[in-house]
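Below you'll find the structures, each written out as structure tokens.
In the two complexes below, chain A is the common chain; its partner is chain B in one and chain C in the other.
Right, the complex of A and B next:
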């Protein structure tokens, strides 16, 4: 078999567009290069604006992680102000954010990821007719049920945040609308309906039964609902042996509440959890179409190389934590957060199946959190405190989007934004090579992927790429 | 009727919003009317080579194209090349693709304020050179010239909004399918009148506060947001408060101002989004169609007549004083 090179694109169902260049030999990928092919320049746009305008502009980086961007901007402004939001305001912000994250996982599983199992290339597999019935793009019964369930649960964002995406409800001091006792009861009803969807369709059992699975075998062996159908397919296609990540999992911790983050922060490697020192983050520019030197995001700049010179091959910068690549996302978050089943899976290494299971786990666990949070709402409370953004200052806002760690770094001088840098989850996962030649996580995960002689858009590559749930519009922003 | 949907330089939020269509959901709604996607980047199965083949068939005319929907602005940078966004796998800029495909389509629909006018992608110094399909901000002429008409004879139909309401998109497509959307059904910015003939102000729950100029001073307060908090719902096209979003919400219902996201250049209001610019203490922007002198006279009169209930509630985060239904009956 000969060597060949493939250019894969348009790469759809990745929220935005992606171009992957593959070098293939003996039916295996030997090198992969991920190009994020769109540059808009949000970080440049922010310069000179008043800081609070970040709350209007930055959510519009992304239509699928909009609330995540909003929460990160509010957190960065709040950090600059040095004051926390009203506790009940933080709770409403967590509810808004949790709804977006659970919806994104649902969309990813049903619309973005599983659609590939309905492909004619898998005809003849024992599960193919069931996968086709459930997951065919736009037609499958699971696809339609998930879209309906998603539209219903987003009523909670309609109620608390006015609309989705692009709400302006989340502010450094809390949220703009105080929910009433009636709102609280309605949200409980909406969540009860969503639970019923999860238990009859996605898990085929109680949410808690899935959320509490504590071993790798139990998670991979789950046989009910669409989660079970996925596991059956994953076993047959050996998705558990595909797309290994770097083995370093990073999470900034999800849902900052007065009592702490609901899914804790940290860096997990080889069974050891350590705190993250964000001072060690550097964005390497060696293989990005960017000018200037790599820097910490508090000092970073975004100056595109308009001549798109080699060796650059992407608009994406290459963030590294203490010089190394890390994987971020729902699976990483569950590992870092200490879920027993996720930890057991992590010891066997990250892969396509583990990433999807991580997302399913988080759907179950987020449903439980949302029910707890709505029950804890106290309508008589204040939902907004006075948090004045200073004329001079710096702030770091760290949150977890559905697809992983998201950070905003703001510098304010004379009442205006003097620096604004964003590192999105997919910036970490889909970064290009760094100055040492080390590939980004997805580039490394693709090495070894099987490529059939007649394939120009290899299915294995599609499964691996989509298992990271990339958001390409966030990546470069 | 087939629809080819391309995502150019935007956030994808108009598609994400489209998926929020209800009663029935988006797939039943479009499918039931005989509308299908030739390809959609977030929703279709086909990827990579399959899509390149399909696009080639459309470009050669082998496959007729009924509707081209473009979501996201068109990037012209760097240096006019459009290479800040290529359609991956093709080596060609999205600018080039859109200019090639638009003349082949029976209708061209710009979805969202990025695609219509440039939108948020053109904010600040517009670092990527973002423009709309047939407008550059409020100036006619964008990626397609002023004189462009699709095969149907219509200009680019501008379904503006950041994001678009799902119904604005589905109903535009349904009306096109039914042959019921003509040039007379578009406003002067080519936005469908069925939603653009309303103001966001219409059915705003803060209207009683507006009547008496009982104003909120901070976000989270219940009063009208026009005087202090940057709300331009009285000047903004959209039926947001009539139709409701995500089960009945809207920006003003959630306690933050309308920023006129259906309009060209909303992304650069020349003042902080949540602060009303004033001249001599008086808001600069006045309600559409309102003579200034009358507005000033009515405002000062109504402000003087503000009931105590509204004055107190305006700066509270919930209803403090309920309507007194017994007074005046004796």
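Right, the complex of A and C next:
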């Protein structure tokens, strides 16, 4: 059988630019190399700026997860100041962030991921005509319904944050907007409308029914709504056996509130949950076009190698936790957070289907959280405390973006930014090889993927890559 | 013409009703600052003119412009992107991938030579021969030049394409360069903002179709109908500014009462955009309404003007009755010399306009 090398890219329906080089033998991928071909240099630009300007500049790394970047910047500044935000301010920030995450999952499912099932290559499958009707890129009925639903729920971000994308409201001390009792009622009705969309279109049943599924079979066997259509397709295409991750799931924990994080933090491996020691994070530069030594992000630098020398093949650094790769994302968050169904799926192994189910689970659970949070708003409270950023100091801001663990590390000297490093979720998932030659999670997940003789952009590769919902503009920033 | 399908045909084939279509026409007319008399004109144009093919390419950017367009837009405006315009090529949204995607772009260029609009989101980095943004194995700047060669006109979406935006912040590591410095032989319309307002984006395209020409542009190449007024001129907090009532710190009593954010660093007085009239997320709100000052994201160089939260100046020197132009001059001195020149010129221009302006379809004087 033939051996060949394939260059897959540019990828569409992923956020940003991505190129993957594949070595193929006997109809299977034997090696994969993920390249993030876009570099802008945000970390260099931050140097010398006034620390609070990070709140305006870093969200502009990404137009899809800008609230996540904003929340991480505010958290890093708050950590440097050593003070928490006003509790009700943290609640509003959680609402803003939760809505962005739920929108991102909805976008991924309807606009980015399922569109592949409408491809002519799948004509003849029992579900193909239904998938085409629902998911055809830019035209499918599910695509349109989700775009409408998203625009509606984003009214809440408009109300609390002024605009989306690139919302400015989140500050180290809380948020700039104190919602009124009237705003609260308006948000409740917007959430009620979104719930109707979820229950009639996406889940075809009560949100709680889906959120409380406690076994792997129940999740994979869910047969209602578009979630059910996905499961039917996933079973037929065996997406549950495709794209295995490293089996180590990391989450920084989502939505920091005074009572704790709503989805808890940790590292999960083989059924054991342990706390994360962020001091053991190192960004390896051996296969990145970056100069200097690998370092902890609090000490890290970003100096691009303009000669793009070998063995570098990506602008992406390779973050490792205690020397090892980890998978991060909605599924990881649900596993680490201890959801019974997600845990059951994780024990069966990480794969394309599990990642998509993880997002669906999170949509359902986040809807429930949002309803609870809006009901808990107290308009008479303070929404911003005075949190003064110090002249000297360091801060670590850890949040969970839709795509997984996001960290900002800031060092302030003489009132100016002296160091700013960002590790985005896709930096973890799409990292290149490290000094030991260990491939990044996606590179490893692609090994073994089936490649047809006539395929130059293999479908299996696209399913696996998109199952991680890469955000390449965040990856290299 | 290779394609005689009209916008209306495309809309109908997508199941959009006549009623929705007429509603879209009147919404667009009002967004463009045109009277009801223009509604039939817009409708007629959309029924008879061939749809305009659009190639939408992405350079150094964050996709917030596309996101603003598809996520936050009015459902009718959103249909513009999803069906009416029928984007012939779009990196982010299209179905094809890999080589098929590249082929689709070349096919569109061939088929609609000289007819299509090139929409550019983001900008090319020129450092090191453009290697910081590689698309399909080639520097983005090459793709941009290739696509621009046979375009009828170029739209620079957002602050990135128009001015450079944050990736051009000092030290501009990749030499991110706005589109008009690379493409010099085509009409370019700048639609700045980070991102621009969705309704502004669809309004610009609809205008070009309806009147078969570029919209009237200001000195910076922005459509005057949307960028003719300062945020400050139409800000709902303006009465508090005039009355000398200001937010002094976050979440203080003044903040609760919706006082002016000038002292919190608001750049509304020096920023030309439609945020305070059209607003965001289907007209729900805009940054000032959320209690945060404007950062001036539709102005050139907004990312390198010192901190976003500095008081633009000490207000007492103006007195409480100071008007926007006075504030504009003084504030601009702090915000940056480039903006100052612009503010001065605009003030002059608007004075001239008042004296000798011929009627044009803008809301500049509304």
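Convention: the second predicted complex is superposed on the first by the 477 of 477 C-alpha atoms of A that agree within 3 Å, B and C clash if a C-alpha of one lies under 4 Å from a C-alpha of the other, contacts with A are read in each partner's own complex, and residues count from 1 in each chain.
Simple rule for what comes next: contacts are C-beta pairs under 8 Å (C-beta built on N, C-alpha and C of every residue); 3 or more make two chains touch, one makes a residue touch a chain.
A quick note: this is a predicted structure, and the numbers were derived from the prediction, not measured.
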Query: chain A superposed: clash or fit between chain B and chain C?
result: clash
- prompt: So, does A:151 touch the first partner chain B, the second partner chain C, both, or neither?
  reply: both
Task: Quick one: classify A:171 as touching chain B (first), chain C (second), both or neither.
output: both
- prompt: Is A:64 in contact with chain B, with chain C, with both, or with neither (first, second, both, neither)?
  reply: both
Task: Check the residue A:272 against both partner chains and state whether it touches chain B (first), chain C (second), both, or neither.
output: neither
Task: Report for A:18: first if it touches chain B alone, second if chain C alone, otherwise both or neither.
output: first
Task: Check the residue A:414 against both partner chains and state whether it touches chain B (first), chain C (second), both, or neither.
output: neither
Task: Name the residues of chain A shared by its contacts with chain B and its contacts with chain C.
output: 7-13, 15-17, 19, 37-41, 44-45, 48-50, 52-53, 55-57, 60-64, 66, 107, 111, 115, 118-119, 136-139, 143-144, 147-148, 150-151, 154-155, 157-169, 171, 174-178, 304, 306, 308, 315, 382-384, 386, 456-457, 462, 473
Field: Touch list for chain C against partner chain A, complex
entry: 14, 58, 60-68, 70-75, 78, 82-83, 87, 91-102, 125, 127-128, 131-137, 165-167, 169-174, 176, 194-195, 249-251, 255-256, 275, 279-282, 284-292, 295, 297, 303, 306-309
Query: Which of the residues in chain B end up touching chain A in this complex?
result: 7, 9-17, 19-22, 25-28, 37, 39-52, 75, 77-79, 83-90, 120-121, 123-128, 130, 162-163, 218-220, 240, 244-257, 259, 261, 267, 272-274, 317-318
- request: Would you pull the chain A residues touching chain C in the complex into a rising list?
  value: 7-13, 15-17, 19, 37-42, 44-45, 48-50, 52-53, 55-57, 60-64, 66, 86, 103, 107, 111, 115, 118-119, 136-139, 143-144, 147-148, 150-151, 154-155, 157-169, 171, 173-178, 304, 306, 308, 315, 382-384, 386, 456-457, 462, 473
- request: Using the touch definition up top, name the residues of chain A that touch chain B in the complex.
  value: 7-13, 15-19, 35, 37-41, 44-50, 52-53, 55-57, 60-64, 66, 107, 111-112, 115-116, 118-119, 136-139, 143-144, 147-148, 150-152, 154-155, 157-169, 171, 174-178, 180, 304, 306-308, 315, 382-384, 386, 456-457, 462, 473
